[in-house]
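Sending over a structure as structure tokens; questions will come in a sec.
Residue numbering begins at 1 within each chain, and the chains themselves are lettered A, B, C and D in the order written.
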Amino acid sequence: MLALVVGMAGCGRTPPAYFRLNMVEATKQRLSADQERQVSTILLAMFGTPDEPVALPESGLDLAKLKLAAGPVRSDIAGRKNGLYREHCGHCHGITGDAMGPTAAFLNPYPRDYRPGVFKFKSTERSDKPTHEDLVRILHNGIPGTSMPSFALLSDVQIDALAEYVKYLAIRGETELALMRAYFELDDDAEGKLPETRDFLVAETLTPVAEKWQSAADARITVPEMPAGLDLAASIAKGKELFYGDKANCVKCHGPTGLGDGQANDYDDWNKAIVEIGKEVQSGLAKAGETSTSGMSAEEAAEHRAQLAWLDRFGRVLEGDALRPRTIPPRNLRHGIYRGGRRPLDLYYRIHAGINGAPMPAAKGTVPPEDIWHIVNYVLSLPYEFDGELGADRTLVAQGR
Amino acid sequence: MRNRLSGIFWGLLFLAVPVLGVATFAIAPAFDHWLPKDVSTHGAQIDALFYFILALTGVVFVATEVALFWFIWKYDAATTDRPATYIHGSHTLEVVWTIIPAATLLFLAIYQMNAWADVKMRRPDMSPTVEVVARQFEWRLRYPGRDGELGTQDDLHLTNDLHLPIDEDVLVQLKSMDVLHSFFLPNVRIKQDAVPGMKIPVWFKAREAGEFDIVCAELCGWGHYKMKGRVTFEPRARFEAWLERKYAEQQATQPPPDAGDSLAAN
Amino acid sequence: MAALRILSVLGVSLGLFTGCRPARVAVPGADAEAAGALRATLVSAAVPGGSAEAAASTGTGWGTLKGRFVYAGTVGEPRALVVDKDTEVCSKGGMKLFDRSLLVDASSKGLANVVVFARKTTRVKNPVSDAPLVFDQKNCEFLAPVFAARVGQPVDVRNSDPIGHNTNIAGTSFNQLIPAGAGTVYKPDSETGMPTMVTCNIHPWMKAYCVFRKDGYVAVSAADGTFTIPDLPAGEPLEFQVWHERSSGPSGAIGLSKPELKWTPKGRFQIRLEADEIKDLGTLEVPAATLGS
Amino acid sequence: MTPPTAAAVDHGTVTVSAPAHAPKGGIGHFLSTYVFSKDHKVIGLQFLFSTLVWFLIGGLLALAVRWQIAWPWSDVPVLGKLFAQEGGQMAPEFYTMLFTMHASVMIFLVIIPILAGAFGNYLIPLMIGADDMAFPTLNMLSYWFMWPAFILFGASFFVEGGAASGGWTSYPPLSTNVASSPSGGWGQTLWLLGLTMVGVSSMLGSVNYMTTIILMRAPGMTMFRLPMTIWGMFITAVLQAFALPVLTAAGFMQLADRMLGTGFFSPEGLVVNNAVPGAGGGQPLLWQHLFWFYSHPAVYIMILPAMGMVSDILTTFARKPLFGYRPMVYSVAGIAGLGFIVWGHHMFMSGMNPALGITFMVSTMMIALPSAVKTFNWLGTIWGGRIQFTTSMLFALAFVSMFIIGGLSGIFMAATPVDIFIHDTYFIVAHFHYVLFAGTAMGVWAAIYFWFPKMFGRTMNEFWGKVHFFLTFIFMNGTFFTMHILGAVGFPRRLADAYHYETFHHLQPLNAFMTWCAIGMVASQIIFAANFFWSMFYGPVAGRNPWNANTLEWTAPSPPGHGNFDFQPVVYRGPYEYSVPGCEKDHLMQTDPPNAAAAAAALASH
């Protein structure tokens, strides 16, 4: 039984926390080991480590806040001065913000992967970043109906720091993606090496990413007042019409009963990416299986082998660096659970701009604002419509109705 | 084991048990390692009972442990030369130390029934002040809105941040959406499991204003530890003002002037 | 001690097992001091901007590039798509929708929907026009399987169906409800690089591709496989990128063996036009294998 | 199992065991003698070794738990790598798995099998003067049914999602609902299957023990001449026979809920992790009732044999008859009887009808009574004795001393209003660790030091034994007594990190202290392990009766060969005839033929 102890002790201590490279993208872009190393080196230079974050002035990030959130958890009770992210967020969202924390795989829906820099619940137009307040609000209220809890009981300073750190991870992730994609755009004389110049790294790569974050506050959706003296009943009726009509078309996905039983086999952007790649790898392997190397010339055969090796590696990367893709069912509107917040305002944002990263499209431009308000009123009334008639709906029972 | 000191040594070791044991309990309060502040009206009963049992068991504890020490000390084969007493027991003694504990325990059992009934059985006749729905891993709160009844569209929905009035009975309707949880208010001496499929009433009356923890005391999954809530007791007036503010926030159709501040406010 | 032996075996296996979990793919670590040095250069307030703006133009005049893609291989029957929503419109009168990823002109073997665009250009002849291009959808199908537009040029995303659609352009965060018979105008604000997918989430089978270029030097091969890019800056080296939906090359690039054009596996070829020259690349044969069939 | 030196030990004595030890070739012989043996002694030792190994594993799990409580989220030394978590800190679901498996391993793979399996097997036939168990094959099976359990529990650590993490009580819906926890996948299922296997093993054992004790006693060995050890084992066997079927049934119901989608324990309308469970219409409380209907008696299954063994050891080293033999027997029986009607006291806060709570509270108060009686009798036993401070005796005394604490702290929980506050806090943790570790484990060590000579023919090293006792005793109290204080603050169990609550924020230093003690406690077991194995081969050779004890096993060779006794034991008196006046030696063995003086004295006592 001492052997047991030895067996365990043999494994030794774990290395300090590190940011893991976006291996899915790296493999997709067929980066060589050298190129991968160059990316991690550049990222280390630009963003530092989970314990020692770095914020270039162009990133517009507040290093003081970052340091509060970064680092290992301080376990003495006096402390808790830093390590907020790893204490509260890391085990789901992952130290890298890649949503690959140890707990992530068991959550439904999966935690957010910050690296693409896409966020769902915000007060800005679909294509824009969330404002700092949006992130703070999510941290504060949590996301009902998901595993994202409310951190309302943290101090405002701490929440502020965490929001800043989320931005940091997002900007870092987006920069990483940009760098990896840049390899494809390289001219052939660059010998597959990115220029390590301030112009390229900061001016061309970091700044465009960071600017979108800095300009988020200006991209807030301006919400027209709900038409004054609105008769609620009438508005709800109008909203119902729109809900089922061809204009707003909500019924197509959220279903004729509003239980989210319409178009239901779709993926959100994060999962879709993995699904597409998965298909590619599968078909690639299938094809490779059929083709025989007999008739090939030397270099053709070599190419074929390389392709096989790549596919195989991609398979393994997907195993370790991506979660099994899950479909994203349209929201059941009768739960009375609103992930982005239950204020009429929140629902207006959702309908107006759609939900970035999700199939939910924007009504902006094609549905006039007052109609959106009607839909909001109708949706808010849904959980209380035909009381008891939907007794079959388990959740309504759970809600005690 | 012929060593004359061994008996003394082991005797003292066993004497350390009651000495240090009592000492631990004696100094713990000094370091605030003790029953947390109680702000409820019924808590006093519970604490009194706790102290009573503590005293009772304390006496028995010290008595028996000291007896043990004394026998070890006195009847060490190495130090005593008198032969061991040849005795198979004593009927009287058996009867005595059966009857006395029996009587005490029975008394204890009857004595505490009232306190138990107050907390768990004598439900005040009123409609729920708030509904608490436990969920992995948060406390979802639902206040009846202006219409004063739960389950209508004007309910006020909140998370983890429970506010309640003081100096009056409050009735919490406890439910669970998924697994077992336990609604534990250390400072109110209240604990009740939330059982999926059951609506369990919990009632109490707070004496003092202040902010206190809500703890989950039944294993509810990986996030059990972070299922933290906060209860704020405040006078009726302030309580209602707070309700109004929250309700207004929930009905908002325009972003607050500065989102940052309004969040800081709650 | 038999039991003991057996159990210590169990013990060891326990220990070893735990020690050796299936690990994730190894990642090459960063080069610490290189990073340190690099960081120094990055934080040093170097002259902002620098060579960020485009390289100075070297040539004058304009030329035209043409060519024709043909498919060297046999085309099977096109796959019918699964249409299970709004059938009263999407398959009215038994109408069927087919997979359009490989459209070959039966007679001329011409390969349609090949995208050719200039990678970098120094000069642009025409300003961005305000005449909106129409990107329409009818009978639950995007009319254009591959759609090219110039950044900043208005695109009128239409819906000529009696039912509602939404149009979701991947990577651009354009995802709009397009009510029946209505439309909305979209101005591409950035280049797509390789063409990006357009879908309708309500009708999962609907699929198209679109490519946006700043300089608008982009062409999509017609049904007969021909393509033309006019008004290209002459007198300087140009590099073109070739793409097809079905290509098995990296990111859909079509690599042909045309040494004279320095055609790379990344689907790029280089060429130099003289002023007012109309350069015809002639017939470009795309082997079946390249399109993964 | 018996070491080769054994033959040397009992040369000279006519020993039936000689052929068994004669070197016989053939793997078949090896298997039938050492592996698939039907000899109760070999089986007993197999149980002993297996459980000691799991004892170590359970201890390491406990250390990992303590580490997280003391220094949450900080990099875990040595074991950190195992968790394969980023930055070496353990994830919360891993922590829940740790304490779940710590409890499960300790209860189902250590305490229950080491008492009934190891000592029950080894001692019952020897102490009642039988040559083996009534059903040797059943007996062998009862051990080999533990192996599926070992493997299932062990394997569950490596399946996706890790081992069970629903607490050792496995309360539904957390345990039945696959979506509700990471271990929802296989861990929980393997746990249930393992539990069933342990149940089968215990059941086979208990049937065997009851039959053996009732039918195979040596001539003259009346029920009221049985040593307390045997009484403990007997009552335990009865408890198991009546309680186990309930647990097994409940276990299968939970399995069905998990695998067949039945809804015994989940009500309508759950939404767990955004998954709506299939069937509903069940009641979570049902499981709690069924589970505790077994698991409360199981608490006594986990201590009665230890009580018995301690009684024997106390008398032996106090050189004095047991004080109140019959009251002791009655109180054991009383505990067993009452043990079946107190399960509800685990459920005071569960939403069970509060009126029912009162009933269970009264019965629970009453069950404190027999325990008190036993304690007083133990004190009575050492009063006026001639105490010999052997390691074994020290552990036995520690058992008494610690059992007093464990018993008294139980009264707090029995008092329903107080339970409102301390339920599911560290007060409970302190309570059952005082009963199960500071109690039973002390008893087990006492028994190991006491019967080691009989098992291996050699005595363990007394000096290192005492060092082991001293350190264990100190660290143990350092770890567990302070838990009462945590409980008084309301510090809840099973929290991966409680310091973000204002109420518990200041308790971290105390927890750190406890963790250091726990580390010390585990470390001091190295001394025990070393002493154990060293003495097995090099310890001073013990005769048949190194302690001058009375009971039958000491008349057999050490170690006894197959068939145990090299003569037919005949019993003339009870097991506790020490220091009989007018008798030349200070102990009269149960088999000593009555001579006038002794007989007079012996009979006077009955």
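Quick note on the criterion: contacts are C-beta pairs under 8 Å (C-beta built on N, C-alpha and C of every residue); 3 or more make two chains touch, one makes a residue touch a chain.
Predicted model, so just to flag it, every value in this text is computed and none were measured.
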Ranking A-B and A-D by C-beta pairs in contact puts on top A-D
Looking at Cα centroids only, farthest away from chain C lies chain D
Min distance from chain CA centroid to global CA centroid: chain A
When centres are defined as mean Cα positions, the distance from chain A to chain B in whole Å is 41
Distance between the CA centroids of chain A and chain D (whole Å) is 50
Whole-Å distance, C-alpha centre of chain A to that of chain C, is 23
Dist(centroid_CA(chain B), centroid_CA(chain C)) in Å evaluates to 64
So chain C residues touching two or more other chains come to 7-8, 11, 14, 18-19
So chain A residues touching two or more other chains come to 1, 4-5, 8, 11, 103, 106, 147, 398
In chain B, the residues touching two or more other chains are 136, 177, 196, 222-223, 226, 228
As the complex stands, chain D meets chain B at residues 91-93, 96, 165-167, 171-174, 177, 180-182, 266-273, 280, 283-285, 318-327, 349-351, 354-355, 357-358, 361-362, 365-366, 368-369, 372-373, 375-377, 379-380, 382-390, 394, 397-398, 400-401, 404-405, 408-409, 411-412, 415-418, 420-421, 423-425, 462, 470, 473, 477, 481-482, 484-486, 488-490, 492-498, 500-503, 506-507, 510, 576, 578-581, 586, 601, 605
So, in the complex, the side of chain D touching chain A is made of residues 52-53, 56-57, 60, 70-75, 77-82, 85-89, 91-94, 161, 179, 181-182, 184, 268-271, 273-276, 280, 497, 499-500, 505-506, 508-509, 529
Given the complex, residues on chain A that touch chain D span 1, 4-5, 8-9, 11-17, 50, 72-73, 75-77, 80, 83, 86-87, 90-91, 94-95, 101-103, 105-109, 145-147, 394-398
In the complex, the residues of chain B that touch chain D are 1, 6-7, 10, 13-14, 17, 20-21, 24-25, 28, 32-36, 45-46, 49-50, 53-54, 56-57, 60-61, 64-65, 67-68, 71-72, 75-77, 80, 83-90, 93-94, 97-98, 101-102, 105-106, 108-109, 112-113, 115-117, 119-121, 136, 177-180, 182, 184, 186-187, 189-193, 195-198, 200, 212-213, 215-226, 228
In the complex, chain C touches chain A at residues 7-8, 11-12, 14-16, 18-19, 22-25, 27-32, 34-36, 38-39, 41-44, 46, 48-52, 85, 119, 162-164, 166-168, 170, 172-180, 182, 184, 193, 201-202, 204, 239, 248, 250-251, 264, 266, 268, 292
